[in-house]
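Chain nomenclature is as follows: A, B, C and D, assigned in order of appearance, with residue numbering initiated at 1 for each chain independently.
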Amino acid sequence: MWFTSDNAGPVAPEVFEAMSRANEIYSSSYGADPIMDRVRDRIREVFEAPDAAVYLVATGTAANSLALASMVQPWQTVYCHRHAHIQEDECGAPEFFTGGSKLVLLDGKDAKIDLASFQQAVANTGQVGVHNVQKGALSITTATENGAVYTVEEITALCDAAKTNDIPVHLDGARFANALVRLGCTPAEMTWKAGVETVSFGGTKNGLMGVEAVILFNPDRAWEFELRRKRGGHLISKHRYLSAQMEAYLTDDLWLKLAKRSNEIADKLSKGILALPGATLLHPTDANIVFAGWRRSGHRAVQKAGAHYYFWPFDQMLEGDDDEILTARLVCNWATTDEDVDNFLRIIAE
Amino acid sequence: MWFTSDNAGPVAPEVFEAMSRANEIYSSSYGADPIMDRVRDRIREVFEAPDAAVYLVATGTAANSLALASMVQPWQTVYCHRHAHIQEDECGAPEFFTGGSKLVLLDGKDAKIDLASFQQAVANTGQVGVHNVQKGALSITTATENGAVYTVEEITALCDAAKTNDIPVHLDGARFANALVRLGCTPAEMTWKAGVETVSFGGTKNGLMGVEAVILFNPDRAWEFELRRKRGGHLISKHRYLSAQMEAYLTDDLWLKLAKRSNEIADKLSKGILALPGATLLHPTDANIVFAGWRRSGHRAVQKAGAHYYFWPFDQMLEGDDDEILTARLVCNWATTDEDVDNFLRIIAE
Amino acid sequence: MWFTSDNAGPVAPEVFEAMSRANEIYSSSYGADPIMDRVRDRIREVFEAPDAAVYLVATGTAANSLALASMVQPWQTVYCHRHAHIQEDECGAPEFFTGGSKLVLLDGKDAKIDLASFQQAVANTGQVGVHNVQKGALSITTATENGAVYTVEEITALCDAAKTNDIPVHLDGARFANALVRLGCTPAEMTWKAGVETVSFGGTKNGLMGVEAVILFNPDRAWEFELRRKRGGHLISKHRYLSAQMEAYLTDDLWLKLAKRSNEIADKLSKGILALPGATLLHPTDANIVFAGWRRSGHRAVQKAGAHYYFWPFDQMLEGDDDEILTARLVCNWATTDEDVDNFLRIIAE
Amino acid sequence: MWFTSDNAGPVAPEVFEAMSRANEIYSSSYGADPIMDRVRDRIREVFEAPDAAVYLVATGTAANSLALASMVQPWQTVYCHRHAHIQEDECGAPEFFTGGSKLVLLDGKDAKIDLASFQQAVANTGQVGVHNVQKGALSITTATENGAVYTVEEITALCDAAKTNDIPVHLDGARFANALVRLGCTPAEMTWKAGVETVSFGGTKNGLMGVEAVILFNPDRAWEFELRRKRGGHLISKHRYLSAQMEAYLTDDLWLKLAKRSNEIADKLSKGILALPGATLLHPTDANIVFAGWRRSGHRAVQKAGAHYYFWPFDQMLEGDDDEILTARLVCNWATTDEDVDNFLRIIAE
């Protein structure tokens, strides 16, 4: 019963096997391995984007920061939701990599950016010319930090508003696969067809050991991206092990299967909690994260039984009135078992 | 016959097995895994440094840059050899992470810093007060980029000169183990006992998949280092797989065995080449890298037979006079076989 | 009738004369001039701070950015009002000089920071350890961008809350003198006695040609400040001309006389407008800036007569219904004449 | 007898008068003053460059750093002489403004860059692709830090070599006028006709209070330059006083007259010293700086008589053998009198 984060979970066996196979050969380092050639081709195929530039890095923070740094100048803004990972959970990495771009914080339900909030922020940017920071990039996240998924229409509307203002769009897809299988659309529809220019295509939270791809549908900045990656210490020498992970991920739709599984088990958990008396849902369970509330006595019992998860917000206390509703974040992953969820639900129901 | 780099070689089987074991458990992420607790203890034990702060990152460039950034201010210098990896092969990563420190380039044979060159550079620093960049840190590398190894006395002499000027010392130990087994001293003797404050303790070039430890013998800057690591995108979420690699590395002296093996096979290769008529050695074969020259006809034959390595310098040509001596860099690793070396030597001898 | 900004006005004659006198001598450059020695002493005397470090720069943006950069690390926050000059009007200079600190935006009436808003923001900072940016400095501005002046009690309350959290306080005093004469307190009471650590002590908006002092009541960071100033290109070679301006400013209370005059004429303008039918005041006229609204027909008439000022907000239009109230920002300076104000009032009253 | 630096000298009276006149009017701030419009036109005329972008800043370090930052990326080099002001005397300002570009140091007599040294450095840049910093800009200085002046042919040869490698050229003209009057060519011939793209056109060392123009013959980066200037705190609010200085400077060839005078008086000083027994010249006196050696007894006498200048190198001592030759740097300025020089020469001759 480990629900702290999707990155607490294991690596998929297919991925481990691919790394083992990569260990049997010598290979050029720093991304010049033959597996990476196949990965590049495969991602271009999956995204229907034959000209896309494709790179691998080991962390989501690196993926997001390098992507953004190649899209904005230091004196430009990055528009994002006020609860975006790049704003709240990366210790200022975007500011570091961009050379000090200003993150402009937007509002919206379930950590999805409200179109009007974005438009207002853009209208407010750069009104006094050189005295102000200038319009930069928009960064959206799906599935969001609150477990919600943008519809293709919502992404398109934001991208259209961005395009009108010459603002390129970045998509933080740390949970890209979870969002995609929820929507049932194609990767292209969720990205470049909607107007997205650069994608952080996550793998680590969905069964890889530590690989995120960055996909630049506009390859003009590809060389700059490569230099920034190297200069940021994010060009991996034994790169073939990253390539191997990503290749396994994209083989036989493994990435979709894993995401589908983690979404389904989250659905089950979410519904199970909601069935309890007094239970609440803070955000829709669109992906693999459940934000829900139930009685304190249930929290006490399940934590005593060894469940790991975070209160949401953090500062709630196990001590107190049994009947009070405490809220929590529960993250499922591809390996979360039905047994785990059944146990969890049984215990909190007492 | 793959001698391009130690990072072209495979991961040691013990390391793979350790990662597999780490895959069987759930674990806290971002370095809070129990394996990391054991790694920290083990490194403190190995280095006889009970208070040292210990961190893992995935690349040598990250290790060096983060270490240096926590040791110097942006307006201070980093003294290093003009052929240091941080100067020549990291695309300016030290400048990026430090916020623009100036690398002051020193001379010395075999990429080992000459004491007088360092002392002269220090004497020249900051003579006109606020108009100049100020004295920062010294970074030395062992084994050097030319495959040479500093004696403990040489390290001590540089550290003493640094200490006199309040200059902290960083050791880039991408090939730490190779240097250590050559010297036959203890890790403590090669580092903090000689005056080194921070070490990049390499693993990737010596049989790991991608892990370098940074060891801060002065833990005052530990929290700053942690923040810089996160902000640089170098805090790995599924950190237990890094911990597992490092734990295996330090178990049963695996790290020393692997380094000993790669040094020995390099010795054999070096001696074999030198035995040829006209052959030359550019630098001493102290560690696992051979810088040697032999007849062009031998290069032609061995490359035709599938050997991979780089000319050194790069701009030499296979076409030309058979008897001319062309020089090359040959890097061995723990998995380099006697058969590979025997074949190589046989072919270049014709 | 020129009310666009206080920096559209002239330099006080006493200041010009001081620069002329400075032109009669040779002098050491870069701040080593004897006039600067006197300025340093005088500022320490005026602020009752015998140990303060005192530096001059040519712009308010330099003063603020260098002050903040010497107070925070790149991974720390700068708390400020969302309408602070450092947030809105410096093109991201604080981010540039600090190496990418995140400005955390606070609320409050008349651009004065609300204590609760600050406390809430501090409570929200760094809750998840290394994943978050860390608590840095608080920057307050008086007189504010909306022409309001903090009471000593308000400054003290903010500083107390900051101190509880080890947060040093910066005061942007671009209009320091205007605030001071309004309060009638001593410079010490408005700054270090209330808990302020570093002050941007403005002169340019109050009759100088281009000089701001930065006063560090905590001189521990003085040398760092000097290096940052030089590295930022803000150490002026012919520094004696800056020193001369500041000396004149502080001689015979010139700075207080000039500020008193500009406050008084702003009061007169403010009251005159408010006396008109339908007129409104957006913010209190605490200093030398009037934020007021009056009938569009009055705007039309006075702009036709040659008055210079900005609508506030900018996007109001001269065309339209005569009776609609349009709002404007009117900045007085020491040289604004009664005649100018009388004319202005007469015309807008029709 | 004040020869420490040209910036120890006074401001030309014509310049002071122009500032006084500027004080009689109200004016838009931040460079939107009508005087700046005239300055821009005049500089374009003087340089025969109708499309050039022209900006004013208050310091040479700002001019150089902002110019370079708009010409190179953080991962690119700045090639310069190892004794260039940007390398030795700006506390790392170029690294700060460029975001960490690496200065590659070149050799050459009298601080003039040797063509072969530049070509070799360029050939060595970026040989290993993404692992290396990439080719950036070339920065040359005339008159050099050693008082030498490049011929137009020398500038052209460097620019040609740069152009072949797509390397834009910056000219640090802190003593532009001194170089120009020595050559007797046109400003266009010394700059864009020779291949220079951006010029720091100095005024401060030649009779202004504190103004340098930056001239971008390629205006494509003009808006970026403006943003960098503002973000660097170098956009002066009461800009008209800078404009007024520069206008006076360019009126009736004042700038050329002042430079001619300081060159001539330096010639006289140089020749006078060389006529002494044992005297030496370290560098040619091409501009307004004399690098010369004479007997210690002469140094002792003249310093006792109140002369101000620096030993070159700094670490020479007044105590010691009378007959030993000590070397010094003597900087003349437009206001250096014949009487000063005559006295100086008389005293050192005893």
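Please note the rule applied: a contact is a pair of C-beta atoms (placed from the backbone, for glycine too) under 8 Å apart; a residue touches a chain by one contact, two chains touch by 3 or more.
What you are looking at is a predicted structure, and each value in this text was computed from that prediction instead of being measured.
Annotation: C-D is the more contact-rich of the chain pairs B-D and C-D, by number of C-beta pairs in contact. Relative to chain C, the most remote chain by averaged C-alpha coordinates is B. For the pair chain C and chain D, the distance between mean C-alpha positions equals 34 Å. For this pair, chain A with chain D, the centres built from the Cα atoms lie 52 Å apart. Here the spacing of chain B and chain D, counted between their Cα centres, is 42 Å. The set of chain B residues that touch two or more partner chains comprises 74-75, 90-92, 96, 99, 130-131, 227, 230-231, 235. Chain B meets chain C in the complex at residues 30, 73-75, 99, 130-131, 134, 224, 226-231, 235. Within the complex formed with chain D, the residues of chain B that make contact are 74-75, 88-92, 95-96, 98-103, 127-128, 130-133, 314. Interface of chain A with chain B (complex): residues 2, 4-5, 7-11, 16, 19-20, 23-29, 57-62, 65-66, 90-93, 96-97, 204-205, 209-210, 227, 230-238, 241, 308.
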